[in-house]
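What follows is a pair of complexes built around subunit A, which joins subunit B in one and subunit C in the other.
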Partner chain A sequence: MPNKTVKNKNPIFNLLGNPKYQFISIPIFAVIISLILSAIIIFLLGQNPILALKGLMQGAGALPKDNYAAYQGQVTDFMETLDIMTPMLFAALAVSIAMKGGLFNIGVSGQMLISGFVATITIGYAKELNPFISKTLVVIIGIILGSLVGALIGFLKVKFNISEVVSSIMLNYIFQYVISFFIITQYVDPVTRQSRVIGENARLTLMNVEIGPYKMRIPIFFVIAILVAIFMHFYMNRTDQGFEISAIGLNQNAALYAGIKVNHRIIMIMAISGALAGLAGVTFYLGYRASIFPNQLSSIGFDSIAVSLLGNNNPIGIIFSSLLITIIDRGGTYMRSVSGVEQEIAAVISGIILLFSAMSSYMKEVFGARYRKGGK
Partner chain B sequence: MYKTIIIDGLAFALPLLIIAIGGIYSERSGVTNLALEGLLGFGAFSGALFIVFLGGHFSQNSNIPIYLSIIMAALGGALYATLFALLCIKFKSNQVIAGVVINILSQAITTFLTRQINQNFFEQPSDKFQIGVFPRISIPVLKDIPIIGAVFDNFYTFNIIIIALLAVTWYLLYKSAFGMHLRACGDNPQAVDAAGIDVEKVRFKAVVLSGALSGVGGICFAYSISANFSPAIYMGYGYLAIAALIFGNWKIMPTFVACLIFGFARSGGNELAKFLQLSSSYLDLTMTLPYILTLLLLIFFSKRNRAPRALGEIYDKGKR
Partner chain C sequence: MAKDYDYIIEFRHLTKRFPGVIANDSINLQIKAGETFALLGENGAGKSTLMSMLFGMYEPDEGEIYLRGKKTKIKSPRHATELSIGMVHQHFKLVENFTITENIVLGIEPKKSMIGIPMVDIKGTDIKISDLSREYGLDVNPTDVIEDVNVSTRQRVEILKMLYREAEILIFDEPTAMLTPQEIEFLLEIIRNLKEAGKTIILISHKLDEIKQVADRCAILRNGKLIDVLDVKETSTQTMANLMVGKDVSLDVAKEDSVKGEVILDVKNLFLKNMFDVKIVKDVSFQVHAGEIFSLSGVSGNGQMEIADAIAGLLPIDSGEIFLKNRKINELSIRERTEQGISYIPEDRQVYGLVLEFSLANNLVLKSYYHEPYSNRHILNDEAIFNHADKLIDNFDIRAGKGKDTIVRSMSGGNQQKAIIAREIDLDSDLLIFVQPTRGLDIGAIQAVHQKIIAERDRGKAILLISLELDEIIALSDRIGVIYNGEIQRIADAKDISREEIGEAMMGVAKNA
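And now, the complex of A and B:
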């Protein structure tokens, strides 16, 4: 008889093993273990790990710095963190819905780039438009372009049996080079070697807004990104379509026998994923940034895969995981100035976090087994 | 002109091929390998590390350290692949996710270490390791044959190493007992288990081998493209290798053909831009040729593609 009622004497194992709390306890455990391991690495390099980790938080505005320049403060730093978190959140949502449906959208970076580029050259350079109209148009263009590319990838999969991984990688390259060509030949700013800066009217982040003693950026789409995440949570867990997507992800054949139009749904999943990637693209290229580097895909598209994983592919979890990874990524520069550790360690720390979260199913199993045995 | 196309095309196709073969080993054993990108980067880093620390101890014009660096790259790739194998096989992670994590971690670790080592040991803020130029040779009589003679003209000697590895890996996969077990693990692991062979052990070996082969490919790319190791090695060639092996239907020889198509489309595009005397910005357009070509070819040929049946499934003894 399974003696589930026996309470584990060790409260930590009790927490980690109880399947009721595992969805939250295991990711937190993974993060803590990773931070300890990172601290050991920093210590072995002869630096002070407490100072370095504190520097990371300070750089991202999660903790106050010792002193600030004029118009600057912890709140301005934190606003910037939220600004770069916005595209990360959209991108991770894009990855997660595809992943729920058993598809792997590794082309988020490419979908971001094409949406950002088309929005830039059409609306971004139309500087006489009313700000409200141009911001709306930018978003619509981002959604349309992204979902078209996503649908194309889905179509190639169901019609020609081309793995979505391969076709999206090929499309990534094609977009990267073709857009680089157009930027360099048509839209380049000769000084910065990037595309010309877009007009403030089209930019999705409000810049240099004076509030009290500070001058800060206001990422208006941050709130929308959070709302979209909540909506996605509802969509995935409370609607027929959401359940159909999960069914396809769990077992395509079973879904087919259950009468789900799998092929239609696959194209639809990729279109939704692409639309979210498009939103990530416009909030990145026409929000956090205001121009595009030629010949470069943003790393957000790839990091978002990991963020989605850290958040258990759950939209609400992703809100927290994207905040965490963004803080670590953003704080690196400041950390270097206060602790002397090379700023690239930030990427190593988030890599280690991802490594441990990739082991989460194993941890669930191990701790779960101990929990059921009553901690013996 | 065709000479440059062939010489440059091979210098790109062969390293790509050896990485793709690494991928074939892993995937035919049933482990989806998106980690090729990270494995090739880590291998290249290991080889470059060897050169910057020990290359100076050899006589000036000696090529020995360069060849030793290939071995070190294979070892480094294999070592790093062990981590991937542990994740996929021991810790039963989702293989796609584990692959992406391995890639992200590889780029982070090697970039960080390159900077930190340059700072601590050579006191320069640089993210590059200089590794020198790989020797090139020509074979006297053969190179004068019209057209195909270009294959033997002014080529990197790593081409020979890779062709030799191609022969060995082909034999190992299709003609040896180990290769048969490996392929069986990818199609019907339960049957392999019933025959008394440890599925997880075979897969572990396959993944480590794929790391070693990717490491070799990585250091060859580092030599042929830039003569240094830098984070720029993470250009996505690992993903290109995956495309090549899927295009090659998980078989070594068709994958070889796929790599040649990539290589020649790439060098052909570059030469075309030069021939038409286009400005260098047009290189961006010709660079898309291999990718557009792949997509088109896949549209025509991938209907009959069949992945290994147990690809991506964690082996579960209890499953029927």
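And now, the complex of A and C:
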């Protein structure tokens, strides 16, 4: 090399600025800064930040609590965390593949809702079906419904040049209100004011499974979600279709010129994104939960955008970012009981992390510029 | 103003490094006030980097800039503007749906007060700008909207922008790369006017005849080093060319007579419409044979680029037929046409030819990634892709800081073009369409491209060359078709048509000949 590398005086800037490591250094930096900031907020509220963060971890089963009720233990808490992480992971994967193709699927929540609703009323209430068959059907319905909605959004984009952001937000509203209407008129449980609880046979989470001294949930789709994430990583980076998706995301004109059928691919990308959102929907509404709140979209669909950003739109990164965000979201109740810090602070912490992760490309640029100036 | 300095600009030991390259290596250069100074060098020689430092876009790693005798640290383009430095970039920075005046005043809007409310005084500025335009012979109408005016006018708007900000030092980065011959004449006239008005002009260029016409002195850069500073009047273009490339170059291309084979491309009665449903190509028919270079010559915007797009499948055909090796390809997709044997070097290499954020290796398989050996059963084979990249980088002398892993955006224009040509030639198609293949390239690179084109012809390929450079057409073609207003005026063997006759046909006056 003809140039000598002049090291920046500050090793932290060196690490954060080097484009080689930024894919991992920037998200970690975002998380650390957020935790420090959260600790300061907790401290200003007059509480002990260490105790609060510890409570957060304990509540999510990442650290052992001091004592447990009968049949309960750290492992039961952790299983519940994994149970809610499953739809988050699917949803973030849905966002990331669209993002890779230069598309913004902000309608994950709507796609989750329609998939969950249709699966609930068709299979969820068919309580006499064989559990294996009904679970399989639930998943198939989720995938089909989600991909149909995704493909519709893609079709509207290529055929009528309607921005996918606009059409997916509109579809969110349409699904939310139409489905609420049907739940309230047809499927409501008068006591809980939600849709009636689905049968255990159709539920994607096994409940109250006795293992040793514990009674726990087994989120069977967690393992599948991890496998899907690994597959998506492979698909996006190692296959010819992944190559096409990246090319479209970076330069549609060049993709067209290279002979890629851009319009077909856009519909396909949105269909895959929708299918993943559908999986998030069934694992949420027929897994973690067993009924649907009317008039409500799940926040998972929106949080997943930031989770995907925090994970650098990389499926493997997303496994870790969704675990982190889920732990913080889940641990709030216990944090309050042990440290007296309000439960909402947990939402504040994950909000801060998501805020910093949304700033990650800005940070990449800023640290990158410093690195280039000070270095080579 | 009393001058207490010898040179308006002085660079002392200016050095700038980028990962893997030294863009400027200890440059010492003095520029006098009021002269037209040219910077000459091949792509990647460091001309643009040097000027970017003067314009505050890069910070020098070592060395100093003296401005009007004072050591100055230029922090940003805004700071440069305050120091009366202006720059016209290769790619214009204008707001499409603003008028010319609005674009010019953007950032320093003249205020007036209307019943106490501050307003932007556009009307008053219109007059000021049209005065300014007349003074330097720029000929722009301040109330025109940018999206309605052509490239040449946009460039003049950029010049006005500098003048309006009272720039004394005007930097032009490859100003003629996008212009037609007539527009170039016009621009050179403007540059002369500016010089007469006492401005200091720095011209980044590699077009020797333009430098010869307007510049007083010229500095020659090669591989980041200053080779020489010459008095333009006393130096021949040949000497300048030799110094720039570092070896003896001939400005002509040597080629044998063509050995004409069968008809490869047959275009019959082609009609094309643009997106506003206006007929832009009318009843065009021509044939391209194996082993010949057929070129379409014409002034920009006469339908020739659309013909190339239509053959490649990027633009739908209104009516007419296109045959490739006697097979009708009207209905085939872009990819099917590529597979049938069409290679296409598009006019706009950054928008169509390349995915700028991809690595060089990925760009080199942009049209072949999906088949063996680059992917087996839909899974990419990195080893094959990398070997392919290394092979093409070697064969076509593509220079890139990090080899096959280089992100194409960071490569110089000439090397980007080499990458596209390498990829397209490597497809081994029977028909190669070259559109403006040497636009923005320096002499060394132009020569290399011309030699490649002739080598492909000699291998029995059919070549369709579309260019705005008459010199290029005359140097390369075996047969020439002249297009004007969407119609072919004349098709002739290159040896049967003179330069003047082509020129007349390009203007549409020789229909009866």
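Methods note: the second predicted complex is superposed on the first by the 346 of 376 C-alpha atoms of A that agree within 3 Å, B and C clash if a C-alpha of one lies under 4 Å from a C-alpha of the other, contacts with A are read in each partner's own complex, and residues count from 1 in each chain.
Convention: a contact is a pair of C-beta atoms (placed from the backbone, for glycine too) under 8 Å apart; a residue touches a chain by one contact, two chains touch by 3 or more.
Not measured: the values here are computed from a predicted model.
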First, second, both or neither for A:I184, with subunit B first and subunit C second: first
Partner chain in contact with A:A247 - subunit B first, subunit C second, else both or neither: second
First, second, both or neither for A:I345, with subunit B first and subunit C second: first
Residue contacts with subunit A in the superposition, subunit B compared against subunit C: B
Touched partner set for A:Y173, first subunit B, second subunit C, both or neither: first
Contacts of A:N295 with subunit B and subunit C, given as first, second, both or neither: first
On subunit A, the residue positions that both subunit B and subunit C contact, one per complex: none
Subunit A residues touching subunit C - in the complex, by the definition given at the top: 1-3, 238-244, 246-247, 250-251, 253-261, 373, 376
Complex contacts: residues of subunit A adjacent to subunit B: 45, 104, 106, 156, 160-163, 165-167, 169-174, 177-178, 180-181, 184-185, 294-295, 302-303, 305-306, 309, 342, 344-345, 347-348, 350-352, 354-355, 358-359, 361-362, 365
Residues of subunit B defined as touching subunit A within the complex: 34, 87, 90-94, 96-98, 100-101, 103-105, 107-109, 111-112, 115-116, 119, 236, 239-240, 242-243, 246-247, 281-282, 284-285, 287-288, 291-292, 294-295, 298-299, 302-303, 305
Contact set on subunit C toward subunit A in their complex: 17-22, 59, 312, 314, 333-335, 338, 344, 346, 351-358, 362, 366-367, 369-370, 375, 378-380
